[in-house]
Every structure is written in structure tokens, then in C-alpha cells.
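Heads up, the next two complexes both have subunit A, just with different partners, subunit B and then subunit C.
Let's turn to the complex of A and B:
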């Protein structure tokens, strides 16, 4: 079942169009930076973008920083929102369930498929970021230069690779909460768009509440609170505090919303 | 399993995930049997403790922003996340973290290096005699040291212990007895075992929320690693150095005439000669600074457009929480006077008038 869903994901043109669109923005940013040599002012712009002009090896992280706040979660919400509701809208859900397939198993397979999409998207964005960074950005050859950590110490290329890998893993993990919420909404409606919009509404509300001091008490529970903690992996020493909190929080979102999706879906009347 | 049971299961899991951390953090804390003086002694004895940790500081002081004061306005007007490695007063590091970078202070001996990641700039400076507050001043031990000076025993009382950074922290309340003070109280919670201040909260007269509240979220006692305290400017960065601290503002101001008393508060003379004069006692103090036009002009313009500023013949006055500020009006060929401190606005206004009278007397004496 899981393999079937993964194969479906990879073969679907829409998957690659979405990833291509996701990838276009950081690539455009790299080209613009290379042409103008103008970085963002300190304190503005996505993480690492001010540093890529002198060190292109950081561009995969800058690219993730560009897509993480909006484009990646929107893509994940669309893909996850489509998972069950898309089948219902297309009239294929009841045929799927006619086969000897448990509904819980179908839900898990759909979640794994969404995770597969996240992994693919993050890998493509990071690899494209590495190539464009190496070709267009940086004053020195990527392979020979020492990368400066956020704290000013030098990082060897091996350390940069390790930390970039951790950052990519963390970004993938950060999307699990969105995927679970969208999957839950997907079990509530027969319209994929409604499910995706529901998940996006939660993310927009979370982002808005994080800017309010009055909502500080809610901050640890908001799904976007720890997304940018991947920057902490490039401090020296690494600041694990928010990275661990972010990972645990995403685990909690998966547990609750996947549980809610399961509670709703397993006894839902399938009419389409 | 029925639908209702499934939903109950999900509801219980969600409730546990929210409630368990709250219950764990709210569990009662044993209060050690220490009176206020004993706790004060313990805090003062913790002066040489080495530690490393993570601090969250919240400032609520709406200070005016100018080129010179911008860093202070940012520091005390918003939230800061700080990492600290403290070996001694001569060797420490404080990182102020942001979402996309950090600004670090590495202190060694009499020199401080400031590393700004987003500008790729390392600036090494000799410590100045006078400098504007930096991130290090928001550390609870540092802030506690600053406020627990020149005390009277009747100004101190005990607060119940709370848990800070997972540690038992008995509290101490300082209630200033100076009538002109704009500070209602300052609460300090210190580690029961080591005496290290873990949280400091300053509350002004009539404040709904504390203008400054700084607290450890994580703490490890013991010597920090040498590696954490060492900084070498990275290749590609723009290193620079200067003789005075980059935040040093007052080195070029004209000397001020020092009265032994202003607005009923005595001068306390621990400032570098000729730079400024301090009046008051303990945490209820104000400074009198002479500013040249390069500094006073932009500050005056900023104050003119700031909300809550009162402008009249005596000058411009602003209250930012318990911090009050008074800037004298512009006069040709004379320095401007900035009075700033934790006393009420009326006291600063009286002091400003007294300075004018003293200057008038001095000018009249010189003329005759």
C-alpha cells in the first residue's frame, strides 16, 4: 500500500511541477544576488542570505530559509489536503476501500506519501541550492574555503555537510505537523482545496500570533514557533534547545492530528 | 472500538500533551529557611561563580531611538535570547541571538570583541570608563549585582521560592525607600545552593507589566570550555579596533559643573571625573550629562516626534516605565543637559531648573 502511494507520488506530473515551482524562487534569488551583489540588510531577509555572497556553500540553507516560511508549507498542505479528499472528490475512495485495505493503513500510507513529497522537495531545493551556490555565489571556491559559523568560528567542509544534513532533516520534520493537520482536514471534507486552506489558515494564525507579545503564553504550542530553529545548528556550539523542542512539538502534532484523522476516518461513511 | 472511544482517546492524548508539561513546571518548590539578609549574603558570595546558560530577557521600555541610542532602545524595548559562558569578570562571552544571526561579545581582560554575523564584522575595543548598556547587562547575575548596591536593610524582604531553570530559587524583594524613586520594587530569585541570581524583575511605579524581566531558562554551573570563550576573527570578516568602546558616547562631552545636591538628592561620586554626575542612592539615581549638539540635536528631534513626550520651556521630558528622561532646551554656544534615571519626572525637572540657576550664578560671577 505504502509503495503504491509512493509510486503514485513520483509518477504524478503535479508532484514535479510543484517541486519545480518551489525551486524556482531560491534559484531566481541566487541569480539576482549574483548579478547585483546586493545582500539583504542585517536583520532583514531569510537566514544565511546575507552570508551567501561570500560563501556559496551556505546557499542550500538560504534556499531552505526562503521556502520554509510560506512556499514549502503551502505545497505540503496542498499535497496532504488532497490525500483523502482528492480520492473522495475523484470518486475513487470507495473503490480503494473495497479492496482488503484497512482505513488506518490507508491513512498511514497517505502520510508516508506526503512525507515522501517533503523529502523530495527539500532534497531538490537543497541540491539545486548547492549547485547554484557553487556556480553563482561566493568569493572563494566552495571545496577549499572554510565556512564561518553564525558564531564566527570556522567550520570544516565535513562539519558543514553534517550540519546541512541535520538542518534538512529538521526542515523535513517541521513539515510533519502541517501534513498531519492537512491530512486530518482531508478526512473531514470531500474538497481538497478546503482541506489545504484549513491547514494554511492554522499556519497563518500561528505566524500572526507569534508576532504578538500578548500571545506569548501560546507560543510553545504554535506549529510555526520552532521552524527557524535550524539556524541554531550553525551556531557554535550548536544550540539544541529549540531544535529539540521543535522536534517534540512536531511529534505531538502528528500524534494528535493523525489520531484525530484516524478517529474520524475509520468510521466515516464513504459516499464517494 | 466505537467512534466515541476513538475521539476520547485522541482528546486524552491531546490533553496530556498540554497539561503534563504545565504540571511538571508548576510543581511546588521547597523554600529554604533563609531570611533576607542571609539570602543577600549568599547572593554576594556567588560573585565569582563560573557558569554557562541560556537567558530570556524581556524589556518593555519605549526608549527613543537615535543613531547613538538605538542599541539601548532595542535591548530594553523588546525580547532578547542570550547565551552566556562566564568564567570571571575578566573572561566571558555573551551571544545575543536573532532568527537569522547573532551578535556576540567576547570579553578578555580589558578588551571586548563584538562579532556581528550578519555584517561579518568583528570589532575589538578597549573597555571604556563609560559605555552604554550592552546585552551582558541583561544577565541576571550582572543586573542583580548592579541593583544590590548601597542598600538599607529595611529595604529588603523575602519572597517565596519559585523554580527557575529547573532550580529551587528563593526570592528577595528590594523596595527602595527613596521618596523620589520611580521603582516600585525589584525582585531577585537566586539559586538556593550557589546563590547565583537566576531571575531579576524590575517593577516601576504604576506599571502593569515589568519593564525588565530577565531569567535563566537553562543553567550549568562550572567552568565553561576555553574554546567557547575564544574568538579569532574569521577569514573574510572585516576586523576593526578602536581605543574606546564602540558604545562609548560620553568621551567627547564637555565637563559639567557638579553641585553637591540636586532636587534633594546627594551627589554620589563614583563616575569618571568630568563625564557625568550621579545623584541619589541605591537603585534610585539619576545622571546629569552634558551633551554636545551632535548628540543632543538628533535626540531632541527624536523626542519631539515620540509619543508621551512633554515639551515645554524647561525642555523635553519622557517617561519610559520607571526610567525618566529630561533634556534641556537648545541654547546657542552652551551644552545641553540630559538628566536620566530612576526617579520621578518632577525630580528631574527640579534638578534641571537648579542646574540652570547654578549656571546663571556661575556666568554672573564670571561676568562681574
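Let's turn to the complex of A and C:
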């Protein structure tokens, strides 16, 4: 069943259109930066963007930083919101269940396929980021081969690779929270759009509350609170605190919402 | 094959299915009749474990549902409320994905089985066209092909001729008869009396959630003990059969089931006979009587009434 879901994912034109669109924004940014040579001043704009003019190898990170706040979560919410509700709307859910596919198995397969989408999307964004960065943006002299960390000290090329990998993993993990929320909503409704919008509403609310001092008590529980903590992986030494908190928090979201999705889906009357 | 006891489904205040005791035996073509909204689809969905019963039991192929769903449903083919498939994929890929999704569909035989069922339903020449480009009739056939993919012992078909043209309905009927000959038990849910009357060996009638009738079609339509006579010499016949006959339309209903003796009597008396045979109730009359007894008539029979009249 898991293989079937993955096959469906890659055979679906929409998957690739979404990833293509996801990719378009950072590529556009790279092209604009290369043409104008006008980077944002350090400390403003998306993470890492001020650094990429001199060091293109940081562009995969900058690209992730660009898509992370909005594009990536929207894409994940759409794909995960579609998971069950899309099958319900198309009428294929009842045929899958009488095939028979166990409800728990179907839910797990859908989750794996959503994770597959997240991994795929992050990889494609990072790889295009690397290619465009290398082609269009600044390349430091090979002799020094030292990238400056956020804290100002040098990082070797190997360290940059390692930390980029870590950062990608962290971004994928951050998306799992959104995915499980959208998957839960997807078991509630028969319209994929409502499920995706529901998950997005939660994210927008979370982003909004984070800017509000009065909502400080809520901050540690808001799903978007630690997303940008992947920047901390490029401090020297790595500042683990927020990264770990973020990972734990996403884990909690996954556990709670997947549990709710399972409880709802396995006891639900399928009337679609 | 299907046994339910006191099967009940309640949606809030509404009792959709009320204490239904179905009994479908191996080898039956069971016609499950009921008006739209009488609870047919809810019942079918409960049989298949899609909707969970409020109370009561369902047994499918001798095993309790939905507990044994994983094991039982592998031997059941179903068409529930119209076909569904992924529009951007071809019929063949759709079948292949569905077959791979659960147990009991061996990879080794998949290609062969898919080709066989596509040929069986007459879709083998469609090729790689995506399902999006299929007509409703073609989708219906694809749905049936999916149901047949693993040669099921039981076929549950909910309104399988919905949206088909007369030609498609005829083909669907022939296909069902052939499948039945090959040993599948068929549970056919329909609101079309004529369809059920032509096809089924056993009938159950659902009226506002209650099973008001369940019997062999042959018994329901058994001769009533009267004989129908059509004759151009109506007055002479009535005079001869004084007291034994009753005029109905332009024909006579005569007490007594022995049509041959009656024929001899009429002809001997010089009464010409144009038509003669035992009186049988139509399924429509049976169903209306059953639903009338339970309240207001429930089966929408407008189309069927016309056909019955023509017959």
C-alpha cells in the first residue's frame, strides 16, 4: 500500500507542478541578486540572503529560508489535506477500503507519501539552490575555501555540507507538524480544500501570535515558533537549544494530531 | 453469503436502517429493492464495513463484519454508488494500483487478470486513454472490472445500471447472468423493479429502513389460482362462465387454475380464445402490496409500471 501511494504521488502531475512553483521563487531571487548585485544588508531579509552574494554555496540554505515561512508549508498543507479528503471527494476512498485496505494502513501509507513529498520538495529546492548558487552567485576563492558562520568564525567546506544536511533534515521535520495537522483535518472533511485551508489558518494564526508580545506565554507551543531555528545550526558552536525544542515540539504535534486522525478515521462512517 | 440480524443504523434522530434481517444464500441473484432514500445504500455500506452499524450483526461469507473485513472483503467485489477512478490515469493503471493496494492480488498474475476483466467488460480496446476521457458507461464498466479483478465469490452491486443507456443496461444484465453462471453470488441493489424482476431469483424490499418483504421471486410470482382469458366473444364467455368470472379491462379473470380444461370448455361452447394463461402477480403488485401494508407506497415505479402494462 505504501508503494502504491508513493507511485500515485510521483505519477501525479500536480506533485511536480507544486514543486516547480516552490522552486521558482528562490530561483527568481537568485537571478535578481545576480543581475542587480543588491543583497539585503546583514541581519535583514530572509536568512542567509545577505551572505550569498559573496558565497553561492550558502544559497541552498537561503532558498530553504525563502520557501520555509509560507510556500513550503502551503504546499505541504495542500498535499496532506488532499490525502484522505481527496480520495473521499473522488469516490476512490470507498473502493480502497473495500479492496480491502485497512484504515490504519491507509492512513500510514498516506503519511509516508506526504513525508515523501516533503523530502522530495526540500531536496529539489536545495539542489536547485545549489546549482543556481554555483552558476549565478559569488564563488569564494578556492584557496581559502572558508565560509563564514553566522557567528563570524570560519567553517570548512565539509562543515558547511554537514550542517546543510542537518538543516535540511530540520526543515523536513518542521513540515511534519503541518502535515499531521492537515492530515487530521483531511479525515474530518470530504473536501481537500477545507482541510488544506484549515491547516493554513492554524499556521497563519501561529505566525500572527508570534509577533504579539501579549501572546508570549503561548509562543513555545506555536507550531511556527522554531522553524527558523535551522539558522542556529550555522552558529559556531552550534546553538542546539531551539533546534532541539523545535524537534520535540514538532514530534508532539505529530503524535497528537496523528493520534486524533487515527482515532477519527478508524471509527468514521464513510459516506463519500 | 450475507446474513444480518437486527441491523440498525441511526443518524441522530433519524432511523436510516431499522432491524433489518437479510438472508442471501449462496447462488442467489438477490434483488434488494427500495426507493431512493429507503436506506439501501446505508445497508450496502454497512455490509461492506464502510458505515458502522449502530446495533445488530453482519455476517459476510460466514464471518463477522467489520471485524473480519481484511479476510472477507478479498473475496467480495463491490460497486457502491457509482464508479470512481483516478481521472489522470488510464483504466489499466487504475486497476493495477487498486489491485496492488491490498492483499490477494498476486503480482505474477496481475497483467493477465487485468487484461481478462477488461475484455470481459468490453474495455480492452480503450488503450491508454485517461479515465477522465471515459464516458459514464465506460466508467461504470471499469468499476465493474475492478470488482471482478479477483474472481469474487460475492458481488455487491449498488445501482449498477445507473446512468447507462439501454444498450449498456442490456450488456450489464448479460454480464451479471454470465458471472452468476460461473458461480458468483450476486447482491443487486436497485430501485428498478423491471431490472430485478428480469434478473433475480430472490428479492428483499426495503421501505423506509425496514425490510418489509424477503422471498424467492418464483414464490412471490406464483400463480394466483385464477386464469386470464382474452376473447373477442366477451359476452358469450361471461354467460358461459356465469359467476366464475370477473371482468378486468378487456379480459376475464376466471377462478380455477386449470387453463387447459377451461380452454376446452370455452372452445366446445364455440367461444373463440385469443389469449389464455394462469394469472400471476407482477413484482410491482407484490412490492406495492408489501409497502402499502407498511404505510405509504415506497418504491418509485413510474417507469416500471409502464413496462408492466406493455407486457
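Here is the rule we go by: the second predicted complex is superposed on the first by the 265 of 272 C-alpha atoms of A that agree within 3 Å, B and C clash if a C-alpha of one lies under 4 Å from a C-alpha of the other, contacts with A are read in each partner's own complex, and residues count from 1 in each chain.
In this text, contacts are C-beta pairs under 8 Å (C-beta built on N, C-alpha and C of every residue); 3 or more make two chains touch, one makes a residue touch a chain.
Given the structure is predicted, the values throughout are model-derived calculations rather than measurements.
In the overlay built on the shared chain, the residue A:91 is in contact with subunit C alone; subunit B does not reach it.
Of the two partner chains placed around the shared chain by superposition, subunit B and subunit C are both touched by A:267. Using the contact criterion defined above for the overlaid structures, shared-chain residue A:11 touches subunit C, although it does not reach subunit B.
In the superposition on chain A, A:228 makes contact with subunit B only, not with subunit C. Which of subunit B and subunit C touches more residues of subunit A is settled by the count: it is B. Judged by the touch definition given at the top, the superposed model places A:1 against subunit C, while subunit B stays out of reach.
Once the two complexes are laid over each other on the shared chain, residue contacts for A:50 go to subunit B alone; subunit C is not touched.
Counting contacts by the rule stated earlier, residues 267 of subunit A appear in both its interface with subunit B and its interface with subunit C. Interface of subunit A with subunit C (complex): residues 1, 3-4, 7-8, 11-13, 90-92, 94-102, 267, 269-271. Residue ranges of subunit C in contact with subunit A, taken from their complex: 45, 48-52, 69-70, 73-74, 76, 78, 80-89, 93, 97-98, 100-102, 143, 146. In the complex of the two chains, the subunit A residues touching subunit B come out as 42-43, 45-51, 54-55, 65, 139-140, 146, 148, 150-154, 213, 221, 228, 231-232, 235, 237, 239, 241, 252, 255-256, 259-260, 262-263, 266-267.
By the touch rule above, subunit B contacts subunit A in their complex via residues 2-3, 6-7, 9-10, 13-14, 17-18, 54, 79, 83, 95, 97-102, 104, 115-120, 122, 217-218, 228, 231-237.
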